[in-house]
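Shared between the two complexes below is chain A, which pairs with chain B and chain C, respectively.
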Partner chain A sequence: MSQDPKWDSWRSRWFELRYKPAGMLAFMLHRLTGLGLVFYLFLHLAILSKLGGGPESWDSFLALVRSPLISILDGILLLGVLFHGLNGLRLTLIGLNLGLRWQKASFWVILVLSIALAVWGSAGLWILNK
Partner chain B sequence: MVSPTTISLNVRIRRKQGWQDFHVTLPASAYVLDILEEIEKQDASLLFRHACHHASCGSCGLRVNGRERLACVTPLAEVARAGRPLRLEPLRNFPVIGDFLVDFSSFTGGLDGVDMPLVRQAEATSVDDHAYVRFENCIECGLCVSACPIAGSDPQYLGPAALAAAWRSLEEPRQSNPAGLIALVDGEQGVWRCHAAFECTEVCPSNVNPAGAIMALRRLLLSRERA
Partner chain C sequence: MRSSVNKHQASWGWLSQAISGILLVVLLGIHWVAQHYLAAGGLRTYAEVVSYLEHPLVLLLEIAFLVVVTYHALLGVRAVLLDLSPGKRLVRLLDAGLILTGIATVIYGINLLRLILATE
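Presenting the complex of A and B:
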């Protein structure tokens, strides 16, 4: 613990996962993935701007995309998209007072499903890129 | 194995000037409120509130290791961690008067705003053979507001306790001004500000389920718009 209670309090709210119920974990992950997707949108636009640099610029970028590191990053992106999208559906249903009693279970189902699909999808991308 | 009869632990208390450490030895069967009373013997300037000692008055709410709890019914053995100090802090999202004393004016004002006087009924209400949930289970402890991430980012938000009270008022046929109440909960600081983190329901010591009430209110508002 630091000597600053305000910092400790803020850190425990956002970074201490112990005692956090499923609903709060979903709340945090939804925001984290949302921010990540906004960051990716700008990154995507920056990458597309390479098309303006001609075929050579684009081809060198494609060579980079085929590296295993990019496949891992693709997997993380896919995980963020899947979790954010599926949790958005979960929140819509909960917000309509539908399936309230399964709100905790549905978070874990969505998390596991997102991880499984992201692993499967990124492995597929890596195989296609080889 | 023989259970220890006493627990010795370091307690870290959040005060205006920063963290202050204390050391206490208490029976293993003690509660967090006993810690505060023990520390008060060491430092009489410690400010905290308590009354009933059995989760009825709602006055001893605080955060234990970052989590909202009622000090009177939180067993020490449940929250003490070996080798680590027990961290005690006042509730969030309320102005701190001193140590564990927080200003509840906005909280009680919110309950007044939704026509929920601070009066409890002894029996559950039943009208037309329909059993109504008693919102009066709420002990006005403020734990839900402290745990709510939206109340933390927007002090104008009506908050889980007031919205649950509003749902109770609307569910209760004796409500005198349903149109005004519906307009209030449908407003900018009403049910649509909730982001469904369910922290309020998790920490509620009386099983009021404020998040469930908020979602029920949303459903009610949508069905009224459709009609």
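Presenting the complex of A and C:
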């Protein structure tokens, strides 16, 4: 066991899943999706440099990203964006002392809504990409 | 808990993250729908990207999106790193690094837009 209390509290905040209230689960998911989205943002910007390479470079890239694997990754991205965005709005309302009564319930609603919208949105992308 | 961030700084960070977050819901919503759902086949070809960006309003929205998303992302990274309770000097170093990263990212993005619009 680590003797450093700072490390202990950090570790228990992130990796101990037992006895976590909904608010803490929301906090963890918000951070994990946030960090994932930061990674995606820089990946996305780096890939867009292909646009600077002209039509051949971009259009050959498009053929690659129409693969089923990429569609699955797009679905995961959509789920992360939806959860982070909806939960971010929830956090803003809570921070403004609004809707505190629905703090827990709204987390579960947002989780389910994000999954449902991600499935719907991915299906839409899948159909468009066909 | 020891913290190198005072209350005033923390609320400033919270407020600007909330405001940029709300802006992102709108800007990312527009970006996503326009780039993937309104585009034939779910993705724009090179020629379609160019003609799309030629609308001044679209260009303005994409630049606004770039600036706001970079700001929100780096402020988020800062919040996560500050939870590790770094010392004051480390926070200053981190802030300088994040500001430089943000500026470099926006310059990169605007330069890319310039390159795309210059190819026609």
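Observations
Here, the second predicted complex is superposed on the first by the 116 of 130 C-alpha atoms of A that agree within 3 Å, B and C clash if a C-alpha of one lies under 4 Å from a C-alpha of the other, contacts with A are read in each partner's own complex, and residues count from 1 in each chain.
Simple rule for what comes next: a contact is a pair of C-beta atoms (placed from the backbone, for glycine too) under 8 Å apart; a residue touches a chain by one contact, two chains touch by 3 or more.
Since this is a predicted model, take the numbers as computed values, not measurements.
Looking at the superposed arrangement, the partner reaching more residues of chain A, out of chain B and chain C, is C. When both complexes are overlaid on chain A, the residue A:52 reaches chain C alone and has no touch with chain B. In the superposed model, A:100 makes contact with chain B only, not with chain C.
When both complexes are overlaid on chain A, the residue A:23 reaches chain B alone and has no touch with chain C.
Looking at the shared chain after the overlay, A:119 reaches neither chain B nor chain C. Within the superposed three-chain model, A:109 lies out of touch with both chain B and chain C [touch as defined at top]. Comparing the two complexes, residues 9, 91, 95 of chain A contact chain B in one case and chain C in the other. Considering their complex, residues 6, 9-10, 31, 34-35, 37-38, 41-42, 45, 48-49, 51-52, 54-55, 58-59, 62, 65-66, 81, 85, 88-89, 91-92, 95, 124-125, 128-129 of chain A touch chain C. The residues of chain B lying in touch with chain A in their complex are 12, 14, 18-19, 65-67, 85, 87, 89, 92, 149, 152, 195-199, 201-202, 211-212, 215-216, 218-219, 222. If you check the complex, the residues on chain C that touch chain A are 1, 14, 18, 21-22, 24-25, 28, 32, 36-37, 41-43, 45-47, 49, 69-70, 73-74, 76-77, 80, 83-85, 105, 108-109, 112, 115-116, 119. In the complex of the two chains, the chain A residues touching chain B come out as 1, 3-5, 8-9, 12-13, 16, 19, 21-24, 26-27, 91, 94-97, 100, 103-104.
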